[in-house]
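Just below sit the structures, each encoded as structure tokens.
You will see two complexes here that share chain A, one where it goes with chain B and one where it goes with chain C.
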Partner chain A sequence: MIRRAAFATASVLALGLSLVGARADSPPIRIGFIVDLSGEFADYGTEILNAAKLYLAQHGGAIAGRKIEIDAKDTGGPNPEVAKRLAQELIVNDKVDLLAGFTLTPEALAVAPLATEAKKPMVIMNAATSIVTEKSPYIVRFSFTLGEIASVLAKWAAENGIKKVYTLVSDYGPGVNAEGAFKKYFTLAGGTIAGSDRSPLKGPEFAPFMQRVKDAKPDALFVFVPSGDQGVAVTKAYQDSGLAGAGIKMIATGDITDEAVIDQLGDAAVGLVTAFHYSDTHPSEANKEYVKAFQAAYGSKLRPDFMSVGGYDGMHGIYDALVRLNGNADPDQALEILRREKFESPRGPFWVDPDTRDAVNTVYIRKVERQGGRLVNTEFKAYPDTKDPDKTK
Partner chain B sequence: MESIAPGAGFERRSRLRAGEVLLWLAIAAAPLYVPGHLVLASQILITALFALSLDLLLGYGGMISLGHAAYFGTGAYTAGLLAQHGWSEPISGLVAAMLVAAALGFAASFVIVRLSGVALLMVTLGLGLLLFELANALADITGGSDGLQGVEIAPLLGLFGFDMVGRTGFVYAYLVALGAFALVRRIVHSPFGLSLQGYRENPARMAQIGAPMAARLRLVNTISAGLAGLAGGLLAQTTQFVGLDALGFERSAEVVIILILGGGGRLYGGLVGALVFMIGRDVLSEANPEYWYFWLGLILVLVVLFMPQGILGGGAALLVRLRGRAALGEAAR
Partner chain C sequence: MAVELLTLLFNGLAYGVLLFLMAIGLSVTMGMMNFVNLAHGAFAMLGGYLGISLTTRAGVPFLAALPLVFVAVGAVGAGIEVTLYRRFYRSPQLTHVLFTIGLTFMAVAGATYVWGSQIAAMRVPDWLIGQTMFLGLQVGSYRLFLLLVGGAIALALVFGLERTRFGAMVRATVDNRRMAQSLGIDVGRVFSLTFALGSGLAGLGGALAVNFLGGIQPAFPLGYLLVYFLIVVTVGGLGSTLGALAAALLLGLADAAAKFYAPVIASFAIYLVMVVLLMWRPHGILGRR
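And then the complex of A and B:
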């Protein structure tokens, strides 16, 4: 009896050891992450990386005996030439199988030719300017585009009695992108543009813009500024200038009410209508579990936001492709799977358009509400399966 | 400052030292000991060249600039735009980058030579911001904040393509940097270079002895701008991308930091500063991505506190002390 037990134990041990042995022998699958972990956009990269690591931790982190390793590099950006150099080193020295991350558009654009040259799938987890995916056939985007969001907001505004809109965007690529899409689709839906302004990217003063908006007497003001301090500043300026009292609504892309910073907005933000693809209060089981796991792993202070969901879903896509290839990271086969991804994300249903390799989201119209001591984006209308309307290839 | 003895002292100072030759040989051998980091090595050389251009102005001429990226970015956009519009031959593109930046430097120099101190700081800062906003506003030409796309560079001399490992890029950057250092070395040891150092030490005195300083400062500003443009053009060609940050304030500030870290007015201060700063940044940001700025800041404070003349200056002072002590020991014996 004892002998048999000993034999059983020994064989279990041997089996275990041989499994461990196999695991140690097969080389890991390496994913090169290029994100901003320091500098102005450090929060973005941290959210993305945290969520991607969370996905791996939840799913075991190894496929067919090959461990999945995240090799994270910081650009401290916006720093395109550093991003490009890091990508080069990841490909040449570290022999990564895939590239992922990409917080900012210029960094993604600088790396794009390398992805083509080295034939490495490049998974975009934020970089939201429309053109990004056109720069390399190896790029697949798991985040969103500003054209997607702004065109839906324009449609919603036109459907809801807003006839005249003044636009105010930050004067850089994503801002110009958002302005273009909003104007185009608002005019197509029968609206008129009362005026347009672009605020400087660095150190803008919003009060004078608000005065001009007031003079133009539109029904609403459309705003895009990068999430963070500027979102807070523009919201405060809107409130202080009494535009609300003059009957001018403020509508914006969800960057302003990003969960990572929304509580800094204070009561000035309550009632603000935004369009976006993710809210941490999205009412679904998948999202509840995600938020719970994220906060269990990283504490309840840092709320998961759209950046994090881009990282989480991007990792989901990569993991799924690797599982289906049984741990073989052949770039072209992986790319074929990545561009056909379709799954239930914490943000809601998500899929990648195989033709454009770009994210297809359900875009929600949301309203800022106070809920138990914190501000949240409550979704009240959904536009399913929204593609970037101006993407053709 | 040590006193300069006429005649023999000059020759001694300008003689090529064994250390310099060894340094350049050691850099040339980089592909042997860091074959996987050639792209970083070329970016260090480019930054060193950029810091050298500032050294000529700040280290030797004593004129501060907080907008030196204006010339760097002008060179970068010139080389990038030429390549984007089909002029993909690298060497002529680089020469064009240098000339356009030098022309801008020449134009700006008429204002700059009239100023010093805080006013100079403000005007150079303003020039940098001006060009940054201009490039942002001309998004149709420069690509705005998305950066300049489709920069394709033909093989060097029609033979060596710019490869992924960065070999061609490294050799190219090395040769250009070597040439630029040789040129600046020649300049700072010439009478023209000495008059610059005289101006740095005592502008009023230079005027009293009748040196035509306005013309000389215009010239050094033009040369410095040209070299900065050369560095920018090199960066654009080797990375085949130009972003708005090429003109950004951070780049202007960073190059000042690098020069002060390495030690201004010593020719190699920029190179040493670029080596320490960029390798330090690479290592620190790898080891500690969230807080590496903290460590960088600490190192900067310590260097400036204990070696106000930068790493090279501090090293030289240490050497003098050690020698002094050895001589003292010798005498005691």
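And then the complex of A and C:
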């Protein structure tokens, strides 16, 4: 609190000083975005970038006479090598003041050493594997971690009569992360794990896995796959394999019922219970305004989802830091502000843990419902101030 | 135990038929016409999107949409053959590769422009959702449907291409173009028709695959290029319908068995089978030497 007050005082002073010095021809503040705008994750990057631009448009694109410019680069990912090269170009040629975006974990990991070397704050707007923030002291995450989500879902399941769970995750970093956290916290809460499988990231065929699950007779199946066609495929496989009839519930992280794809799931998804930090029907004024503004700017075809909120809040953090520094993007000072951000986000209360530089969310348990011709995630239980339980530094 | 094994067998075969449906169009264009058509996936994607638009926007029933997709994508294929592909038949295969990869990238960008980057899913009738009783086994309805359609297409192609006059003309044209021409075969027309058939099948395969894969998006032609199109055609043997069917079923069964019995190796089981099969028969299971 004292620190905050000190900052406020400092920035008021700085504002006074710079008003004298500010000129219209001051160089712009440049933010380099590294996101996926083409390829199979094009949706992710589009949501992030759209939301970040929306935040800027709502708050005015200049601070202390310096224009804020977004310089967006497309990795066409998953493509860590390209992400690294783009980051190099942004830092060396384009002289950006901050790096932002980062749709996918591998891309964030590839860029992390460059952020450290060049001393550029690196604002993560999605990339949700727990370890990401440990890879550079300049990383601050404004999204969430899978450990955060999966541990809450495990707790909720154990509290609600689910005793035996089978886990099925995509075989890559985030999947392994989700699996580990779910198993650990479900077992700690007294549950047992009936079995665990990892499915190939590229394969759409889940039926043999569903058959294994059915044979193990658990109370529930925990699923993590990345949002998109895999999520639809796994939900359909669950339905077509008769697991529900055998009394096996499906529970998942909210990636599967991401608002950008949920309507493609059809009735197969109704009743599905997921844990996540954002739903576009989150009942708050801030969210209603956000959804309205997003759709006014980009049409109602692409619904704002958790990616977009990561982009919006990340931009909120950056903007706030720049205002308080009065347009002076000193990396270390900006970092100090970014790691102490705390505000009301469309997702609910949000803050960054200063010790881990990682996102702290209210994690909600939600149920898919049909509402006026579209599918929505209705939140029914909240776990406030959830940190990734396995993060220590 | 028996139920378990039969369910696994059924699922493996259904997945195999899906692979067959997605690859058979390529087997026709690449195998019969000797053209390395890496843009196959673009035609499949067009079929997928057309199917979705017809069923969800135009209100055409799913079963009626399928033949429409076949005809429409076939017609687009014929158009592109006459205007573009025809110029490259005599070029080296590297040119084919570069040309068709270029086409694919254009198709990806075009699809993003027209349909957007988000995934689109197919709406299928209720009787194709959930489970059905089949020979005393609880099986996925859509999978059963795929098995039937795939079987019918395989039969039609085997008889159509290997037992009819048109089939003989196609094979004659591929084997010796000048000789076929001197015998009075309209070589250009035969190739156009064959290419239209291959494209139509690609479109049909794409439309049928959407519901199985979960959805379709503009990156589809690149994402599925290797496993779903090239491996099946190569392992099966270029130009052989039965070969492609055998390869697809084998790969489907191998994938199901690996996922069920040894999930740890599931990510690469399909590639392992490919390597073993190609070492055993370098020209494919039923390939001509």
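Rule of thumb we're sticking to: the second predicted complex is superposed on the first by the 368 of 393 C-alpha atoms of A that agree within 3 Å, B and C clash if a C-alpha of one lies under 4 Å from a C-alpha of the other, contacts with A are read in each partner's own complex, and residues count from 1 in each chain.
Criterion: a contact is a pair of C-beta atoms (placed from the backbone, for glycine too) under 8 Å apart; a residue touches a chain by one contact, two chains touch by 3 or more.
Not measured: the values here are computed from a predicted model.
Trainee: If you stack the two complexes on chain A, which partner ends up touching A:Pro113: first (chain B), second (chain C), both, or neither?
Mentor: The first partner, chain B, only.
Trainee: Thinking of the overlay built on chain A, is A:Gln211 touched by chain B (first), by chain C (second), by both, or by neither?
Mentor: After superposing on A, A:Gln211 lies in contact with chain C but is clear of chain B.
Trainee: Could you say whether A:Lys342 touches chain B, chain C, both of them, or neither, answering first, second, both or neither?
Mentor: After superposition on chain A, A:Lys342 lies in contact with neither partner.
Trainee: Please indicate which partner A:Asp171 is in contact with in the superposed arrangement: first for chain B, second for chain C, both, or neither.
Mentor: A:Asp171: touches chain B and chain C.
Trainee: Just checking: does A:Arg374 make contact with chain B only, chain C only, both, or neither of them? Give me first, second, both or neither.
Mentor: The answer is neither, since A:Arg374 touches no partner chain.
Trainee: Which partner chains sit in contact with A:Gln264 here, chain B, chain C, both or neither? Use first/second/both/neither.
Mentor: second
Trainee: Going by the contact rule set out at the top, does A:Glu81 touch chain B (first), chain C (second), both, or neither?
Mentor: first
Trainee: Please indicate which partner A:Asp43 is in contact with in the superposed arrangement: first for chain B, second for chain C, both, or neither.
Mentor: A:Asp43 contacts chain C only, not chain B.
Trainee: Using the superposition described at the top, list the residues of chain A that contact chain B and also contact chain C.
Mentor: Shared contact residues on chain A (touching chain B in one complex, chain C in the other): 38-39, 42, 46, 171, 200-201.
Trainee: Write out the stretch or stretches of chain A touching chain C in their complex.
Mentor: Touching chain C: residues 38-40, 42-43, 46, 171, 197-205, 207-209, 211-212, 215, 228-236, 239-242, 245, 260-261, 264-266, 268, 301-302 of chain A.
Trainee: Which residues of chain B touch chain A in the complex?
Mentor: Going through chain B, the ones touching chain A are 36-37, 39-40, 43, 133, 136-137, 139, 144-147, 149, 164-166, 235, 239-241, 243-245, 281, 285-286, 289-293.
Trainee: For the complex, give me every residue of chain A touching chain B.
Mentor: 37-39, 42, 46, 72-74, 76, 78-81, 84-85, 88-89, 91-93, 105-106, 109-110, 113-114, 117-118, 129, 131, 135, 171-174, 176, 200-201
Trainee: Show which residues of chain C lie in contact with chain A when the two form their complex.
Mentor: Per the stated touch rule, the residues are 4, 7-8, 11-12, 14-15, 108-109, 112, 116-121, 123, 129-131, 138, 140-143, 211-219, 222-223, 227, 255-257, 259-260, 263, 266-267.
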